[in-house]
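Following are the structures in question.
Both complexes shown next keep subunit A, but they swap its partner, so subunit B is in the first and subunit C is in the second.
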Partner chain A sequence: MNPTISTGRQTGLATDSLSVWLEQGRARRPIAESISLRVAPGESIAIVGESGSGKSVTARALLGLLPPELTSEGDVSVAGTSFLRLSEAARRRLRGNEIAFIMQDPFTMLNPVLKVGDQVTAALRGEDGRKLSKAERRAEAVARLNEVGITDPAVAGKYPFQLSGGMRQRVGIAAAIAENPRVLIADEPTTALDVTTQQEVLKLLDRLRKTHELGLILITHDLRVAFATCDRVYVMYAGQIVEVGETDAIRTQPRHPYTAALLAAEPPLDHRVPRLLTIPGSVPSPGSRPDGCRFAPRCSYAVAACTDSPVSLRITDESGEHRVRCDRAEEITLITDEAAGGPAAGAETVQPGDLLVKMRAVRKNYQDKVAVDGVDVDVYAGESVGLVGESGSGKTTLARMMVGLTRPSAGSVRVGGVELAAKRVSRQQWATVRGLAQMAFQDPMSTLNPTRTIGSTLREGLRLSGADDLEAATAELLERVGLPAGYAHRWPGQLSGGERQRVAIARALSRNPRIVVCDEVVSALDVSVQAHILNLLRELQADLGLTYVFITHDLAVVRQITDRVYVLNHGKVVESGQTPDVLDRPAHDYTKRLVASIPRVEQ
Partner chain B sequence: MTAVPHSTSTSNRSRAARFRVPRIPVLTALAGLFLLAVAACAIFPGLAPADPGAIDAAVSLEGPSGEHLLGTDQLGRDMFSRIIAGARTSLLGPLLLAIGVTVIGTLLAVAAGYFGGRTDTVISRLVDLLYSVPALLVAIVVAGVTGGGFGITLAVLIVFGLPLHVRNLRAAVMERAHLPYMEAAVTLGLPTWRVVLTHLVPTIVPNMVATFFLVFTYGVVEFSSLSFLGLGSPPGAPDWGRMVSDNRATIFTNVWPAVVPAVAIVLLAVSTNLIGEYLQRKHDQARRQR
Partner chain C sequence: MTTTQAPAATRKRPGGIPPGLLRYVLLRISAAIVVMLVVSFVVFLFVHAAPGGPEYAIAGKLATEEQLANIRQIYGFDRPLLEQYWTYLGQLLHGELGESVIQRRPVAALLGEAAQVTVPLLLFTWVIALVAGVAIGIVTAYRAGSRIDRFALGMTTLGASTPAFVVGTVFAWFFGVELGWFPALGIGDGGLDTIAHLVLPATTMAIAVLAITTRISRVRIGQILAEDQALFARARGLGRWWTLRNVVLRNAGVQLITLSGTIVVSLFTGLILVERVFNLPGIGSLMVEAIHDQDMPVIQGVTLCAALLVVVVNLVVDLLCMLVDPRLRVRLESAR
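Presenting the complex of A and B:
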C-alpha cells in the first residue's frame, strides 16, 4: 500500500539510540536512554525490568504514542521505514498495519459499547479501500476470532463485559493482528490474568508469531514469562538496557550483576530456600540516577571505578549476541542456592499448637452468586497456612471472614473461641477477635490512609493494645519491619510500594496479634522487593511466633512461606495438605493444571 | 515571575507550559480582594459614610458624585452606604446556607454511604423525593404562608439544597468506605465513630469544600431572588436583592440604584466561585506532591 515500505520484508523493527525525555518546565530528565533493539519477523524478544526501569515508556515510544509531557529522540524503523520521522497521519496508517499494540488491562482495552466483532474488524478495508459490507465484516470477525482460539461464532456479537478477562485479551490480540502487522508489541499482556489463562494467552502469542511471521516484543516484569516465551531478552534498569542476550545465556549465565541478582531474588518453584537473596536499596527515580554505572550503589561487585564514568554496552561473547553494560562482566556468576546455603530441608514440620481458627461448612453468597461453598479450614498456632486459587476462587472472601470483615451466610467461623457467624457478637468478643487476628492487604497504594502520617497510623493500634510510650513503641515497630524510626513523620505518598507494605505489616503487628492474615501482600511488588517482604515475614514469624494465613495465586511464593496449603477452586477446597506434598504430587486435576500452568522453559 | 522564553532548542510544548505557571491568577486575586472587602463591610457596617436609612428628598435619584459615590435612590438615600450596609445580609444568608448544607449533607451522606442497608434506602429515597420539588417555589409558598423571615427562608433553602450534595458526598463516601485502609482501621478494632471521623471524613474534605463553595454561590443568587420577590428581608432593609427590586421602577430615570446592587450580587457569586476553584486546584497540587 505504502510505497516507502515495499523494501525490506526481512527487517522487522529496529531502534537506533531511542531516548525518551520528561520535559518539566526547564528541567529535562531522561526516562529511557539510547535504547537500541531489533526484532526480526517471526522472532520474539522480551524487555524485562522492574517498575521504574522505563520499559513501558520504551514500548510507547516505539509506537510514537507518548503522553504529551514526554518527548523522544533517535529513530525507530519499521520494515525499513523511519517510523518517528513520518507525519502523524502516515504513522497512523502504519499502526495496526505494520506495527500493533496490545495492553495490559483487558478490562479497559476494549470499548464497552461496541460489539467485539466490530472492534476486531474496525480497521479492515476491502481491496479497493472501501468499507466492508455488514456480512463481510461478520465473516471476517468470526474468522479472526477463530485465529485466536475463539471458535464460538456468537462471540462476535457479544459486548466486552459479557466475556472473561482471558477472552477479552484474545479479542484484543485479534483486533491488533487484524491487519497482519509485522510487529506486535505486548505490554504486560498477561499480568492481569490468572496463571492458567496466562499460559493460554502466551501459547497463543507464540503460535501467532510463527504462523503470521510476527516480530513479537513482550514487555514484562516476570522473568519466567520472558524465558518461557522469548528468543532473546533485553534487561532494562533505570532507563538503560543493561544486558542483552539469548534467553538461555541470560538465564544460566547472566553477566550483569543486576540480572544475576534479579534471578536470585526469584523464589524457586521446586524447593524452599532458607532465605531469598535480595537487592539492597531501590530503583533510582529519573531525577536521581547516579553517574557512572546506574546499578553501582546497589551492586555487591561495585568498585570505586564503577561510578567514575558511564558504562557502555559491550560484547562479551564470540557470536556478539551477548552484550552487557558492566566493566566486570567476566567476574559475575549466578548465585545459586548452593552458594546461598543450599536448599532448606523442606518446611520444618511445625508442632501444632492450639486451634486458633476453625471454619466448618462455611458458605458465602452474594445474591445468587456463591463465593464460598461449604469450606472447612483449620489454622493452628505457629503454623503458616496458604490459601491458593485463581480470581473468583473465594480465597479472599474466606480470609475476610477470618478477621470479621465479611459475615458468613452459613456455617461456623470460630476465631479464638468466638463464633463470628453468630447473630450477635458482643463488644467483648469483638475485642478478643481484633486482638487475636489482624490483616495486611494487597494494594500498596490504598493500604494506607493518604491523609495521615505513618506514625499516626501506627499509634492507633498501639493505643488500643495499651502501649505506654507511644513514641518509643512506634519507633520499635518501624524498626521491626526494617524501616528507620524517622519514617513516623512521613506521608504514605512519600514511600515506595515495598515500604508501604512494611508499614501495613507494622500496623497489623501494632495490636500484638497471634494471627496475621496476608491477602496477596507481595503480588503487586517487584521481584526484588517481594523477596525483602517474604524474608521479613519469615523473620517476624520466627521472632514473634506468629501464625500466618497467606492468600496468594503464586505457587512459588506459597512454597517459600507456607507449611500447609488449601487449594481453592470455585469456592470449594479441592485439595489440602503439607505444601511440598501438594505442589510436588498434586492429586486433584485442578491442582495439577495450576502447577502445570507456571511458565517454565522447556528443557 | 521570570517567564522569559529560552532561546535553546526546547520544544514548543515545554515553552507553552512555562507560560502557564503564574502563582495566583489575576482574576482570582481580584475575587479574593472583593470578598475581603465584602466581609469587612459585613463585620463593620460602620464603614458606611452615611446613614443607609437617611431619607433626603432633596437629592432623589442623583448620579454618582463626590458626595454620593454611587448616587442616590428615589428617597435620596446614599447608594454607596446602602451597598455597604447590605453586605451583611447578602453574605450571612449564603454563608449559613453553605455551612448548613455541607454539615447536614455530610452527616446524611456518611450515614447512607458508610452504613448502607436500610439507612441508605431511607435517606436516598427522601433525597429523590426532595429532588422532584422546585426549591424556590416552596420557599415562596412557605414564606408567603408564614409571613417570611430569615430563619424560615434559610431552613427551606437548606432542606432543598441537600439532595444534589447528599448524592455527591454519598458517592464519595461509598468510593472510600471499603478501601483497604478503612478496613484495616476496622480490623484494628477502632470504634466506628473513630473510623468515620479520623479515616473517612478527612478523605472527603475536598468534596465538602467543593460543596460549600457551590452552595454559597447558588445561595447568593437564591437569597437575592427571594429578596427581589419581597420574601427575604423586610421592606426598606438595605438588602442587595431587595434594592434591585425596589429601584427597578426608576431604572429609566437613573440606572445606578438598580444596577449597582445587581452587579454586587453577580460579583459576589463569581468571586466565591473563583476562590473555590482556586482552593480546589491548590489542594490537588498539594496532594500530588505528597
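Presenting the complex of A and C:
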C-alpha cells in the first residue's frame, strides 16, 4: 500500500488519487479525477470551484456516500485506516465518530419532525455503550448546543422549523460534531445564509477547529469565504485540482489562469470597476471535457501545445506547497483585477430624470406579520437603485409592489403616474404600468415555461409591445442579451444557468420597458457567469437608457451596479443615499454590521 | 463567543392543552357532529323519496289501502316532516334504528351480528394491506430501479387490475379447495377458527388495495431518502434502524396515516363483493339483501353506519396527523 496513506492519524484525512466515475450502462465518465488532498487536525482547507467542478461529489466520495450511479476509485485515509476499503458497517462506525459532514441547506438537513435535542444526541452512547437516559440526553443536548453558541437551554426542546436559518446551521454543526470527530467536511455551509449569519457561522467553525483540533474541509464556490477561513486552498475545475497552495499565495499570486480569472471576476467591494473581467464559454460537462488542459478552450494564454496532452499538477515553488496544473505557469504573467483598472467610470452621479416610481409610507401585512413597514422609495429615470437587505427585510415584497404583483396594505405606490394602491386600477392603467416596468427573477428555471421554446416566450412580450416583425424582433432581442439568434428554437432545459438568466432579462426587455426590476438576478450564478450578467446589465443600461431597481443581498454587486441604495431591515429603510457614500461611510448600525460581515482576509 | 437567543417561548400552561389546539379539536368534533346530522336527515328522507311514498316503501307494492293507512298511522307519516325527523333522531340517539320489514327484527341487532363478521375482516384486511404495502414500499424505495422494485410494481399492479371476484374465486379454489390450507366459505366458530376463515377473504381484499398502499409509501419514502436529512443521518453514522424509524417513518407519518384512513373507507365498499364470494354474513351481504328486498330500515341503518365510519375515520386521521407532525400542531398551539 502507498506509504503516504499510512500516516493518517497524523494527517487527519488524506486522499490518494481519488476519482469518481459516472456509470451509465457500459460508458464511464469521470466526474472527479485523481484528487489528492490532505488536512491535518486543527488545519482548515478549502475546495473552491464553480458548479460542475466536481467539488461536492468529491465531498461525498470522501465520506463513501456517493449516489448509486457514481463509483469511486483510489483511497481515503481516515484516522490511519483506508476508509473506502472498509466494510459498510465499519465505515458507518467511523462516520460521525472520525469524519463528519454538514450540508448547505440548514432548512433541509435537519429532521423536521424530531426535536433539536434528540437530533443532536442521536448518536451518543454512554461509557459502556448503553443508551443514555432521558435526563442525560437532555443535559448532553444543552451542553452541545452551548458549544455552538446556543445558550438558551429551551432550544433543545424545539423543532427545527421554530428556529432561524443560522440557528439551524448551528444545530446541524452541533449534531455533526457530537461524537468529537477529527475531520469535518462542510459543503457550502453558509451559502444559504444571510451575510451577517454567514460570518457568525464561519467564526464558529473556526473556533471549533481550534478547540476541537478539528481538520476542516470547506467546500465553497466563494473565494472570499475560502480566503477568510482557510489555511490552504484547492482550486477545482472540470473535475481536476488545478491549483493548490497556501491561502496567501493563491490570493496574491495565483499561477493558474483559471484561478486568476476567478479572482478577477469577483466584483470588488471597495470600488467600482468599469468592466468586470469575465471568462468566455462555460465549464465543460463531464462527457465533453477537452483533451489536454481542461481550461485551454477558455484560456486567454492558451497555445496550441496546451491541448496536446494531459497536464499534470506540478510544484512551482521551493517549499513544494504551491502546485499548479499549467504547463505555461512560469512563462505567463496573469492579469488580475488591479491591472484592469482601478476606480473609474460609472461611479459618477447620474443626472436624475423624471420620477418614475414614487412610493410613500408603503406598508404590507401578511396576517399579523409586517413585511414592509412604512417605506418611501423614489426611482428616477436613468438611474440604478439598489434595495439591499437580508432575508425577511421586505426587499422582494417592495419590488413586487413596484410592478403591481403585490398590493400594498397601505400607503401610495405611483408608477408612471398610476396609483397602484388604488381600489380599482383600470385595464388601460395596467397596460401603462406593464409597459413601463418589468421584472426579472432570481431563478430563471422556475420562471421560464419549460414547455415553450425561448422564441415563443419572447414573442409573447414582443406581440404586446406591438412589434411588427416578430421573428426579426426576437433575433434582435437575443442578440441584445448576447445570445445567438438560433436560441429562439431552444428549450429552457437546454440552456445553462447564465444563458437562462439572459433569456429572463430578454423577456423583461421584450415589452420595451423603461424600468427593469431585477430580483436577485445574479445570486444563483457562479462568479464568472455573474460577471457576464453584470456587464450585460450595464451595457443594456448604457444602450437603452434603462432604469434599474436592483434587489440583492450582495454588497459587492450593489457597488458595481447601483447609483443609489436603500438599506432595508425588518421592513424599514434604515439608511439610503449614494452607493459609495453608504458603503464607505455607513451611518446606521445595521449597515455597519452588514458591511463588516463581508468575509475578508484579516491583514 | 457568539450567542444566539431563541425566539421567545410560546406561552403554554404546564400540563394543560394549549387553547389553540383545544379549540381546533373541539371544532373538528363539532364539524363531525354536524356532518352526521346532515347525513341522518338525508337518510331519514330515503323513506319519503321512495316511489309511491313512505308507506309503499315499508308495506310493499301489494299492500291494500287499509294497510297503507295503518302504516301511516303507526309511523306517523301524516305528521309534519320536521316533527317526524325529530322523533327519528331521538330514536337514533337511543340506538333504535327501526325494524327490518322482511326479517321483523331490530335493525340494530342485525347490524350487530353483521359487524361481528365485518369488523374483524376489515381490520384484518387493513393490517395486511398497510403492513405489506409499507414494507414493500420501504424495500423498493431503498432499492429504487432494482429488479425487486420492478417486480413489486408489476405484481401489485397486476393484483390491483384483477377484479376482486376473480382473485377471490381463484384463491378460494386454490388455497381453499385444492390445497385445503384455509377454509374457503363461512365464518367459523369464533376465535382462531374465525381468523382462519378470514385469511382468504382478507388477502383477497388486501390485494386489491396493495398497489395503492405500495405505490404511495414507495413514492413518499423515496422522497424522504432523497432528502438532505437522510444523507445527513447517514453521514453521522446513525444506524439503519434509527434512520428507518426516526427519519423515514416519522416523516412519512402524515401520508401513511392519511393513506390508512383512505383505505378503511375504500375497503368498506369492497366488502360487498368479497363477502358474497366467500359467503360471509357481514354488513356487505346485509346491504345487498336489503336493497334486493327494498328493506328500507336496514338500508338506512347500513348507510348510517357507513357514514359514521367515514366521518370517524376522517376525524381520527386529522387528529393523529396533528399528533405526529409538530408543524401542524405547533402552529395551533401558538395561536391564541
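Following the convention adopted for this analysis, the second predicted complex is superposed on the first by the 584 of 603 C-alpha atoms of A that agree within 3 Å, B and C clash if a C-alpha of one lies under 4 Å from a C-alpha of the other, contacts with A are read in each partner's own complex, and residues count from 1 in each chain.
Note that contacts are C-beta pairs under 8 Å (C-beta built on N, C-alpha and C of every residue); 3 or more make two chains touch, one makes a residue touch a chain.
Just so we're clear, the structure is a prediction, and the values are computed from it rather than from any experiment.
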| query | In the superposed arrangement, which partner chain does A:Phe101 touch: subunit B (first), subunit C (second), both, or neither? | reply | second
| request: Check whether A:Ala79 is in contact with subunit B, with subunit C, with both or with neither, and answer first, second, both or neither. | output: neither
| query | Which partner does A:Arg511 reach: the first (subunit B), the second (subunit C), both, or neither? | reply | first
| Which of subunit B and subunit C A:Glu200 touches, first, second, both or neither | second
| query | For A:Pro112, is the partner it touches subunit B (first), subunit C (second), both, or none of the two (neither)? | reply | second
| message | Looking at A:Val324, would you say it contacts subunit B, subunit C, both, or neither? Reply first, second, both or neither. | response | neither
| request: For A:Leu458, decide between first (touching subunit B), second (touching subunit C), both and neither. | output: neither
| message | Which stretch or stretches of subunit A touch subunit C in the complex? | response | 63, 65, 92-97, 100-103, 105, 108-114, 122-123, 149-152, 154-155, 158-159, 161-164, 166-167, 170, 172, 175-176, 178-179, 200, 203-204, 207
| remark: Per the touch rule above, subunit C residues touching subunit A in the complex are 1-7, 9, 227-229, 231-239, 242, 246-247, 250-251, 253, 324-327, 330
| said: Residue numbers of subunit A touching subunit B in their complex, please. | reply: 23, 25-26, 28, 68, 71, 403-405, 430-431, 434-435, 437-439, 441-443, 446-452, 457, 460-461, 464, 491, 493-494, 504, 507-508, 510-511
| message | Show me the residue ranges of subunit B that touch subunit A in the complex, using the header's touch definition. | response | 6, 10-11, 13-14, 17-18, 21, 179-190, 198-199, 202-203, 205, 287, 289-290
